[in-house]
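Here the chain labels run A, B and C in written order, and each chain numbers its own residues starting at 1.
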């Protein structure tokens, strides 16, 4: 690359990485010097200089999406801890991070959520200056089923109802659990707004790469609750760095279909 | 949720979790109190009160299916150890657990099976009162290829033969390995009956989310060897808790197609 | 199986495992004696006697492909370390291994590549007799975009350009990153020739099981840069042992489609 290009991307990326790493950025890069120094450059120039510093998503949105994706993938504990710390460094609250990890259990199962919470605890405990963490204890009131039906209608609308209807003939109870647990218990929790829930859902579904139908439903959901197409494209693009380019490319294929369907409608 | 609902689900789930955890249930729940106490409630109410206590599968079937799925996913070691212990606590034998983990190598590769066996060893060694574990040393006799052909015919029937035939033009030796190794060596092992092998196969294929064609073949297989549609739906539904709702929903889509194909036939 | 068959396969496999394990082969097998002795036999007879000793790929090609696949999957650290050591034992250089792990970041993200490099460092440090590792510091010169466009054209040809074009309407910058980063930075690195890059890409895409479109593009790519259909089939077949038979079977379905498309063209 031309030196000019390099300096521009490197400086921009280094500044962003420094915000996320909050002083540990050189340790991250120096740790690669003995085995693959270019990887440090790629992380700075591409990961942060090209992707992370793009407009369209805030630092907080990017960190919460990365935390959700890494927790759902469940195979990158060191990076999950780094990005939980990074989320705190760019202004996310511990409660928001915990809410994202609870949210993960709907899409990747309890083990992924529990191991994510273990990582969060380790990070929180490594930052005693933040003071003791007080977990949320309030739960949404009223009937879970009614609450879930309303949340599903608000978020996923027609596409969500189709999922419920499709289960009637084969597993009607799972339809009930989707309404009562996923939407009545988890989505109805306070502490994370719906656009953020849908943004991190798009992020983790893109990163998992195994849940195409649900990625499409929640791309609609993100747009239904006030998220933008730009946010959808940005969060999918960001997954190139955390789950690889194929995951991002396949996520964009889903986004193209969803956008076209909405334009057609 | 209404208090009544909550108590009912919580009490039922807590009783089931207590059977699986065999005394460690409060440690599991207390371990979440500092960071996400509601997660403990969700595990009890949804994971165990809603799902685990459903009719249609025995505790032993549920634990062996969960062990197979977590070993195949390979990204949830703490939960794999917990559920290997849980399998023992609900009456599975160490031999059955080891057989399930050997079975996993066919569907998720040797690394997943080997890491599952490492987890099993750790759990077995943590229970000295169970006495020394004596692994099975008997192997099926006769010709592997002939034995595998018979097992494939018995289990997967037409769908299995189609897989073999489809390889003739591109990788005939892999077809031979499927017959000799997967069916001649592994499926022909004693220590786990065929309906259980196919049940755990449906569980892990659902959890992996990457092997749709094989999930369909083995849904047929489960029904071919005496498993029921209810068992198939139950084990797929259970995966919502271990691999997330999307995995379960996509597994049910496969089940719907297989059931329809069999009704049409 | 007949004793004759068994001896033949076992002896051939044991000899191959001994090359890869370089003296640690009995430790690997003895480590299974207490819990699943047959697994050791399956690894020797099937994994090495049937698969690993097949013609069509060199030991070095097999080890680099396995390292790429296990690093991309990210859920089998002990086996990744074993096979990094195995790669060195069959004559791969540390630089080749590091290049493969850097390559992995394009397809599985930075976390997978970074954790692979951590495993490589551990293995390198466990072999002090190899002397200090000196990482490559040279980077390709010239303009990244121009370099990437040329590399994409050389490797993926029409299929690659289609991917770029498909992004114009939704995420044109990601198309630029594919050219500048994936092809301009990573693919243009010296230290790993293009046929090897495409071979390990086919291996890891097969093992991941989530990136069908990219597997097809890079099957074309492998053949475009001088790889053979036999190499493609062999490396996909090898993934049966590391990611399971379904991954290999689904990879062969992709290969069949690609071969047919090329014959039709």
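We adopt the following convention: a contact is a pair of C-beta atoms (placed from the backbone, for glycine too) under 8 Å apart; a residue touches a chain by one contact, two chains touch by 3 or more.
Chains and their UniProt names: A, B, C = Carboxymuconolactone decarboxylase family protein.
Small disclaimer: the values here were computed from a predicted structure and weren't measured.
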Chain B against chain A, contact positions shared by both copies (same if over half, else different): different
Between 0 and 180 degrees, and as a multiple of 5, what angle does the rotation take that fits chain B onto chain C by Cα atoms? 120
Hey, how far is the Cα centre of chain A from the one of chain B, in Å? 28
Can you list the chain A residues in contact with two or more other chains? 73-75, 208, 210
Chain C residues touching chain A in their complex are 72-75, 98, 101-102, 105-115, 117-118, 120-121, 124, 133, 135-137, 139, 143-144, 163, 166-167, 169-171, 173-174, 177-178, 180-182, 184-186, 189, 205, 208, 210-211, 213-214
For the chain C and chain B complex, residues of the former touching the latter: 1-2, 5, 32-39, 42-43, 46-47, 50-51, 54, 70, 73-76, 78-79, 208-210, 233, 236-237, 239-250, 252-253, 255-256, 259
